[in-house]
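Note that chain A is present in both complexes that follow, paired respectively with chain B and with chain C.
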Partner chain A sequence: MSPYTLTIMIFGIGLGTTITLMSSHWLLAWMGLEINTLAMLPLMSQHNHPRAVQATTKYFLTQATAAAMLLFASTTNAWITGEWAIQQMTSLIPLTMITMPLTLKIGLAPMHSWLPEVLQGLDLNTGLIMSTWQKLAPFALLLQIQANNPTLLITLGLLSTLVGGWGGMNQTQLRKILAYSSIAHLGWMMLILPFSPSLTLITFITYIIMTCSTFMIFEINKATNINMLATSWAKAPTLTSLTPLVLLSLGGLPPLTGFMPKWLILQELTKQELTTTATFVAMTALLSLYFYLRLSYAMTLTMAPNNLPGTIPWRLQFKSFSMPLATTTMASITLLPIMPAMSTLLKL
Partner chain B sequence: MTYIMLLLLMGMIMGLVFVASNPSPYFGALGLVAVASVGCGILVNYGGSFLSLVLFLIYLGGMLVVFAYSAALAADPFPEGLGNWFVKLLVVVYMMGITSFSFLFSGKWHEFSWVPVDEISEFSVFRGDVGGVALMYSFGGIFLIIGAWVLLLALFVVLELTRGFNSGAFRAI
Partner chain C sequence: MTPVHFAFSSAFMLSLSGLAFYRTHLLSAFLCLEGMMLSLFIAISLWALQLDTTGFLTSPVLLLAFSACEASAGLALLVATARTHGTDRLQNLNLFQC
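Let's look at the complex of A and B:
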């Protein structure tokens, strides 16, 4: 892709999300979402591969459907209440109707099935944009509408954590595993949204940090399935030893950053006397933990057999720019001690 | 007037049901044209005659291209219209769905009152639809610029997606 076109498209992605974030009017929010989708398409199909084009088509169809439904729901809202503002939705029908396209846009179960397919068709850098930046705008809208229907959100959240854990179980493709991991994390966020939006924000931020780190590790190792991940241990020994920590942080094990959102969410659910829900969601996290553990096992805990030249790439100089990778990796391993500061600063 | 409005609204629902129930692209595009015309008629009756004119010209201009393409791409000798049993079944299903969903909205204020834009012209200086256009050029100027930029962006996106003879995204396999 020509650098000029690339600039225009990246600017378009930024502009769309920014417009959605700054808007208090549904029409403007819809405009931003559409700009975002439109500018993402050439980035997705930039490699001219049939699978990339297929992923682009699937993404376009899904997002266009969601945007049309969002527009329909917001005009219904304007029709019933005469009000276009995002934060002042009072009628229950448009409120419920608007939750569905937003969850379709970020890929929550039961509207999740496009996400693994689309992510599998992209390269890892575009996949990184897809699973972090593209979630930002619909997520901001979900935070702003008053969630007065906790049953819907809890159901979506529980289904997503379950499907995200279950769907990733038998996968060997890393991008599909990451897609299911994304579904499970978004499920946690939806689960706590009716009770504490600040916790949703904290979960979202830690999710973005950990996902960035994981995608960049896989990008450096050029790994798209478990076999390639297993033979990539010789590429960078430090990274090989840090990767299990990042993956287990995604899974939510205690001394790592990923434990923070899960801990706070389970605590909040217990305070709301939803102990059954809390137990169930903690159990579904075990499903996710299983495949993260399998990835760590394949990459670090075993030494995959390889030929002699395959074991020496660590002697070569490391050429790629590793500052973002280092920052996000350290953040996704060691942020747990500043939990009080984060939960105070991110109070909505 | 109320009867014309009723007729137009029924026409719009029926036309959309026909488009949605998966006929051949040939008839589908025709149905969309019919729905667009009826929709413009509804807009006129609500008092937006200028808006309706703009919509009619632009939408039908676009639909002409869509119609030509769908007629050229999907040139089947036996196009399936309402005569096909599957299309008929879908029409019935969608009509039942619409009827049941319409109960969600029954009993509100909009069932009893019908207020076109210029019904309250004593209270406003501008005509309703032309006032909206004026607003777009004054307070909404930034968003006019954004809208123009989005059109340009869409052009770039389409060019980038279709670029390349053998390596482009859209090519004959």
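Let's look at the complex of A and C:
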């Protein structure tokens, strides 16, 4: 892809999300989502490969359908109440009709099955954009809708964490595992959205940090399935010792950053006297933890049997821009102590 | 629910169910998407006409422009799929089953 086209497309992705974030009118929000989708398509299919084209087609179909359903729901709202503003949704049926396409756009559980397949067809850089930046606009819309239906959101959240943990268990492809991990994390965010939107924001930020770190680690290792992770000790030894911590942070183990959102969410759910829901969602986190543990086992505790040729990558100098990798990795390991500051700063 | 509301809602739902359940050709999926967009065009323009909000009358045109962009992107993807997979049948989009 020529650099000029690439610049325009990346500008388009940023512009679409920004328009959606700035808008208070449903039509403008819809336009931002459309600009975002249309600018993402050439980035996804830039390597003219059958898998990339197929992933692009699936992405286009789901996103276009979701955008049309979103506009239909807001038009219905306008016909019923005469109101186009995002923050004044009062009628219950259009509210539900708007929540469903937004969850389709970010890939929550009943409408999740496009996400692993689309992510599997992309290279890791585009996958990074897909699983972080592309979630931002629909997520901002979900946060802005006031008085959403708690039963619906809790059901969606529980289903997502369950499906995300369960679906990732049988996978050997890293991008599919990351897609299921994304589904599970978004389930946690949906679960807490009716009670404390600021906790949703904290979860989203930590999810973005950890996902950026994981995608960049896999990008440096050029790894797309579990087997290819086993040679990473010869390519980047320091990174090999840090990666299990990042993965366990994604899984949510205590001294790491990923524990912070889960802790706060479980506490908030207990405060709302939803102890059954809290227990169930903590149990589904174990399912996710299983495949993160398997990834870290394959990466650090196993050695490739070919010792002599395996050391060749050691002697090569990797010229990669490592500042974002270092920042996000350290942030995804050590951010737990500043939890009070984060939860104070991010009050909505 | 007024008759106009019922008319565009049923048109939209018919196109949506066509998109969801008739899964043979990519082209028919795009036609169903186009039908959804056209029913939305009717809905928005009739809303503006019914409430006499002249300031809102540009938005149906904006909607049409965006749906045209979307349709052209879809047709480009149709060409790309035909070149890489040899056909536009949706059952050939199965490279990721594992």
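In the analysis below, the second predicted complex is superposed on the first by the 344 of 348 C-alpha atoms of A that agree within 3 Å, B and C clash if a C-alpha of one lies under 4 Å from a C-alpha of the other, contacts with A are read in each partner's own complex, and residues count from 1 in each chain.
Everything that follows uses one rule, which is that contacts are C-beta pairs under 8 Å (C-beta built on N, C-alpha and C of every residue); 3 or more make two chains touch, one makes a residue touch a chain.
On a predicted model such as this, the values are computed, not experimentally measured, just so you know.
Using the contact criterion defined above for the overlaid structures, shared-chain residue A:I8 touches chain B, although it does not reach chain C. In the superposition on chain A, A:A68 makes contact with chain C only, not with chain B. In the superposed pair of complexes, A:W263 makes contact with neither chain B nor chain C.
Once chain A of one complex is fitted onto chain A of the other, the partner contacts of A:Y297 are absent, as it touches neither chain B nor chain C. Once chain A of one complex is fitted onto chain A of the other, the partner contacts of A:Q173 are limited to chain C, with no touch recorded for chain B.
In the superposed model, A:W79 makes contact with both chain B and chain C. Set against each other, chain B and chain C touch different numbers of residues in chain A, with C touching more. Touch criterion met: A:T56 reaches chain B and chain C at once. Of the two partner chains, neither chain B nor chain C is touched by A:F280. Of the two partner chains placed around the shared chain by superposition, chain B and chain C are both touched by A:L38. Contacts of chain A with chain B, set against its contacts with chain C after fitting on chain A, overlap at residues 31, 34, 38, 41, 45, 48, 50, 53, 56, 79. Only residues 104-105, 108, 110, 143, 146-147, 149-150, 153-154, 156-157, 160-161, 164, 167-170, 173 of chain B touch chain A when the two sit together in their complex. Within the complex formed with chain C, the chain A residues making contact are 27, 31, 34, 38, 41, 45, 48-51, 53-58, 60-61, 64-65, 68-69, 71-72, 75-76, 78-79, 82, 116-117, 120-121, 173, 176. Those residues of chain A whose C-beta lies close enough to touch chain B in the complex are 1, 5, 8-9, 12, 15, 19, 28, 31, 34-35, 38-39, 41-42, 45, 48, 50, 53, 56, 79-80, 93. Across the complex, chain A is touched by residues 2, 5, 9, 12, 16, 19, 26, 29, 33, 36-37, 39-40, 43-44, 47, 51, 59, 62-63, 66, 69-70, 73-74, 77, 80-81, 84-85, 93, 95-96, 98 of chain C.
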